[in-house]
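Step one of this worksheet: look at the structure below.
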Amino acid sequence: MASATLYSVSYDLSHLLLGGIASVFPDPLRAWISNGNVITGLAVLIFAALLLAASMLNTILLIWWERKLLGRFMDRRGAMHVGYAGLLQNFADGFKLFRKTTVQPREADALGFFTGPTAYMVTSMILFGVLPISSGWNSGALPLSLLLALAIFSFAPLFIFVSAWSSNNKYSLMGGMRSAAQMIAYEVPLLLAVVAVVIVAGSFDLTTIVYEQQNYWFWGPLFVALVVFVAGMLAEMERIPFDLPEAEAELVEGWNTEYGGMLFAFFMLADYLRSLIGSILVVLLFLGGWTMPSWVPSAATSFPLAGIFWFMLKTYLVFAVFVWIRAALPRVRTDQLLRVGWNRMIPLSLLAVFLAAALVTVKCVPVFGCLPSPGI
Amino acid sequence: MSDVTATEKPDENPILWVARPMATAARQFAKSLFRPSTIVYPYERLEDPKFRDRLDVASGKPFGVGQVWDNYRGVHALNIATCISCNLCAFSCPDVCIDMVTTAGSDPKHPKKCPQIDYGKCSYCGFCSDACPEGCLTMTTRYELSVSKRSDMIYPPERLFEVFRSKLPMNPIRLARPENEDAILLDPPLCIGCNACARDCPTQCITMLDVPKPEAKPGEKLPKRIWKEPVVNDSDCVRCGTCISVCPKECLFWGTRK
Amino acid sequence: MQTDELERTLRPSLGDRITSVEAFPDTAGRVRFRREAALDVFRSVHALGFHHLSTVGGIDWVDHREVFYILWSDDTRQYVVLSTDVPASDAHVESATPVWPSANWHERETWELVDITFDHHPDLRHLLTPDGYAFHPLLRSFKLHEPEELEVKARHV
Amino acid sequence: MTTPASAPRLARSATQPESFRADGDLLMAGQPAVPFVEIEALRVKEFIPAAKEALTDLIAEQGQSKLIRPVFNWAGRNSLFPLHWGLACCAIEFAAAFGARWDAERFGVVPRSSPRQCDLMIVNGTVTWKVAHKLITLYEQMPEPKWVIAMGNCATGGGPFRTAYSVVPGVDKLVPVDVYIAGCPPRPEAMLDGILRLETLIRERKE
Amino acid sequence: MSEMWINMGPQHPMTHGLWNLRVRIEGEVILDVDPEMGYLHRGIEKISEDRHYNEVITLMDRTCYVAGLAWEHLYMLAAEEALHIRPPERAQYLRVLCEEFQRIASHLMWYAAFVQDIGLMSPFLYGMRDRDLILDLFQSYTGARMTYEYMRAGGVRNDLPPGFTDRARKVLDWLLPRFHEYDQLCLGSDIFHKRCDGLGKLSAEECIRHGVTGPMLRSAGRKRDLRRDRPYAVYDQLDFEVAVADGADVTGRYLVRMEEMRQSVRILYQVLDWLDRHPGPVMADQLPRWLGAPYAPVGREGYLLKRNYPKGVGFSAIEEPHGEALAYVVNEGGEHPYRVKFRSPVFANLAASRHYLVGYRVADIPPIMGSVDVCVGEVDR
């Protein structure tokens, strides 16, 4: 392996650990411990733990980022007294929610009530195993990673509906139904927008898609697809203007009305995990992933972990745009949302697919690549 | 319709529909990026001199505009030394939150009564400080009053005196006491000259003057009384009505002196 | 519209169903009527252009109770006050909802606070006080107490 | 992957809930070590309460731990989510405290609409007898640990309306109150001061 | 989904206060509504009967906590009529100053709450921030932010502090461009129009039938404003337009309120100029002693009866920020009013809620009820 990746680091760690342990034990056991399978197994475990830690840390940082940004949009400061500039605020929230009693309503269905949030959280977290973060920094180079990511991503409405239904609360139920309807309505344009990217990139592998953007980022030629994708992502992430399922004004807290304590924390975390994944997908598909345009001085792209740095920077900026939208726009109504989804977004996404196909057919894509400042 | 005054100018450009609010939000973001209009409360306070009388509303930072605190009605300050125990504050309190209690350390034979305020009931209307004839009960700008025990909200006179000594800015606007024609009048035949009014008058403006004992006509019994009658000095009187309430024969009443 | 004009307009059609039309500050006047003729009076006044019923209220004068209606006319831009007396023992009057639908809540409020029943009211239930509240607080016989006094009383009873 | 013979059985111990022990005993009795047999045993009706119990035990244990307790205390006092509701006048000042000028979110105070997600009930206004039982319901819907702030005079003792026939003279007649804030209504600063006092109280609290 | 009743309130983000909107829905469509009031009924009319005329002021501030000074003005107009007192002209101008500032503050509060109902987050903060500037002004001359206790029978408590008019003009100068900013955030956004246009329709005739007044009536095109139709205080000497829109819907109410704020600013400039030019007394000269500021009742009853104060009835109507408010004060010669009756505009506006809610969707309830501008304090009293 040329450069250190997350997996190679965890493999080395596992090797070192098991080697140290093995030296203590007598021979038959030592041979078993230093077996390649065991080292690989432990490496996978360490890898998963590291990935979990990294994703959780990023999610919490993302919440802080949103709170601070939203504060500035609103002419105030946001969390600032817990930790430096409020950085520890979300940790405090998390620990507190962990300590809170988990109340299960008497009429609630226990199975759905507890498994819903857990599965929602887990399916959101699995995605991190699929997404590449920088060159080599992914868990497995799956040839269909984009498809897999979107497939896992679309599990969510099911679990939201399960938890909403089993809460046995009218607000939760309405929120859950809205959520399911909304996510299904926006799944189709989202996938079609992705198809446009896939047509141009010629692959379902996210790493390949990123490398295809080394010369020119896709947001220019595929602008229509980008708009559809961002709108669909907003709906999938349930953020304003499409945050109807938890519309605070009419449904108290939407489908998580009955949830408190750790289960509520699961919902919050999973929501922001999905926001993070949404931003990452936008960066991967349209903004060139960890690659930078050629006019950027090489010093800025060659320092250690430069790929990750640029990647995360882009992700956080994309998320800042989402926050900006949240600060400036009101929420739409369910029927309007669905109408827009089915009547506007699907034709638009078909248009995007058509445009992409035309671009590839006419071979005018390289034209963008010849522009003096590709990508930006 | 010609009547319609509140109309909007519809815009034809659909791109602006989402762009305009987002641009407004972005402008606000740029304005508040370095100095939002938040006051970092426990560390900065609005009554600080740097926020007081601030007039720079046009600079884009709207905090602290017109912060004139002198007038603010917060916790009371009581100057025990000048309090004359006239009861007017307790009378004028619409929420009945003022009790006149004996001040600690006062002479047990002639206990001095000063107001004790229950801040769990007070509605900070300022009627008491308006009514105070001596200006010893005023309102200050202190507003932080969180306690974990309900009884801590009751401020005895000594505690109000501490507030007075802490030299907080006090409410400077004093009501001009209107000239009024009301006065304490006496119904002489009822008076028995018992001195109760003069004894309890907080301003000592009642003096008992001798009245000539009339000659008893034959067959008529003179009333059994002290031959003195109260005379009220109107310029010193604060119209607290203590004399009327202590009068055993209800011979004092409100009236207009010709 | 002046008070005498009001009387001249109303008197021919209503006759002695209105007892008096008297001056009332800042309004066109106060029309006192007999409660038996309530609906006729309402209809006649409504026909005069008083389409907007501002409020309905009641006053407890210990021996009897008074119901007053305050109306507004957009044409003359004036208020008019209608009022009728009902005996305390038999306090009821015809509801104004057929003429002015907005009387609905005002009458509910008057019913629960001043204890004046409105006949043929579509929906006479508690509005401000809890369901089943047995008292009529705005009667003069209903006295208020400091909570401490009530506690002391409760302890002694 | 080969497994050491005794590995899966070591985990079974006395800490297991009753419902699991039967299956565990089966395993111990020399049955063939079928993988995932314990997952078969995890029937839903047993799993949920058992997991809840285990979680509660874990939390309780950590609550006792000298190392963890300060962390939870710190977290609890720095992240107080008040219930988002408005009773009367004080609700306007309550809202103003979340406005741009005072920004209560600086302290991690974020109002939540659902009582399940709240730790703090700020009673910001007059409590009438009509709303009293709803207030108690809301209080009971909040999960432990929870606190109550009586904001303003009406919540403290009925305020100017305490003589009225419909007003509860003080919310402490209904729910336990931790901090009283005097004022009619208290300024937003005074409300923040009350919240800071509550944080101090939580810090000093001995469990 | 079959029909079901849902309770929106008393603790619900939509209600902005303590009331309960019971809604019968089928799917997301509203079939019937039944507002349940009284959760904040504090018996203000009853307590007033136990208080002196001036002491009722402390209750008035708390009756409608977003428009305290308007209610003080309303009560004082009626009480002065009942007591046969006439305040000096400067006091009347000061009262108009209070009422118009209060109208802006109340509408800003409405704006902050309303935009939150449709999901706009940041304008809530803007509205509250700009409202705080007006509250600062109030604090500088009345001494409190929300519960002012400023007006007295016969005038007002005190005159303006020096430099007040300059500060007030600065605030007004700051506010005018802000209104434009608000419009950019709401009217400038297509989503706002999608949410609010044609919602909560109630025609002018229906409004009159159901007693609906204020911005709701004016948004239906009926030009009715008591400040213009039945001028009280000094409104006949001021130049302003009555804001009217023609949509009879949520957007129309938004437009009317925004225009009213601009008109209030216009009135305030005139009032401030007048106040600068005409110093004078702010309290009537000939006041009964017990109404002058430091009054000393002896006992709590019987004092006035000895003085044979003339009886009277007071009746006043003002255009409160929410609509037409009435006060009816009966003076039977005692120290306390014999009966005080208030008419709250929101009371009637809410009573008609069935007529502008049925047929719309659950998601439309927050914008429609937000556009009504519910202040529960004055409904329940």
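We call the chains A, B, C, D and E, going by the order they appear; numbering starts again at 1 in every chain.
One rule holds for everything that comes next: contacts are C-beta pairs under 8 Å (C-beta built on N, C-alpha and C of every residue); 3 or more make two chains touch, one makes a residue touch a chain.
In this text the structure is predicted, and so the values were computed from the model without any measurement.
Shared contact partners of chain A and chain C are D, E. Ranked by distance of CA centroids from chain B, the top chain is A.
Taking the CA centroid of chain C as reference, the farthest chain centroid is that of A. Distance between chain centres (mean CA atoms), chain A to chain E: 48 Å. Here the CA centre of chain B is 42 Å from the CA centre of chain D. Between chain A and chain D, the centres computed from C-alpha atoms are 30 Å apart.
Touching two or more other chains at once are residues 12-13, 38, 41, 43, 46-47, 50, 58, 122, 124-126, 129, 132, 147, 185-186, 189, 191 of chain E. Across the assembly, chain B contributes residues 18, 21, 24-25, 28, 36-38, 40, 94-95, 123-124 that each touch 2 or more other chains. Counting partner chains per residue, chain C has residues 128-130, 137, 142, 144, 146 touching two or more of them. Each chain pair that touches appears in this list: A-B, A-D, A-E, B-D, B-E, C-D, C-E, D-E.
On the chain D side of its complex with chain E, the touching residues are 83-89, 91-93, 95-96, 98-101, 113, 115, 125-126, 128, 130-131, 134, 138, 160-161, 163-167, 184-185, 187. Contact residues of chain C toward chain E in the complex are 24-27, 51-55, 57, 59-60, 68, 70, 72, 74, 77-79, 81, 100-102, 104-106, 113, 126-130, 137-138, 142, 144. Within the complex formed with chain E, the residues of chain A that make contact are 70, 73-76, 170-171, 174, 177, 240-241, 243-244, 247-250, 252, 326-336. The touching residues of chain C, counted against chain D in their complex, run 128-130, 135, 137, 142, 144-147.
Taken together, the chain B residues at the contact with chain A in this complex read 18, 21-22, 24-26, 28-29, 31-33, 36-38, 40.
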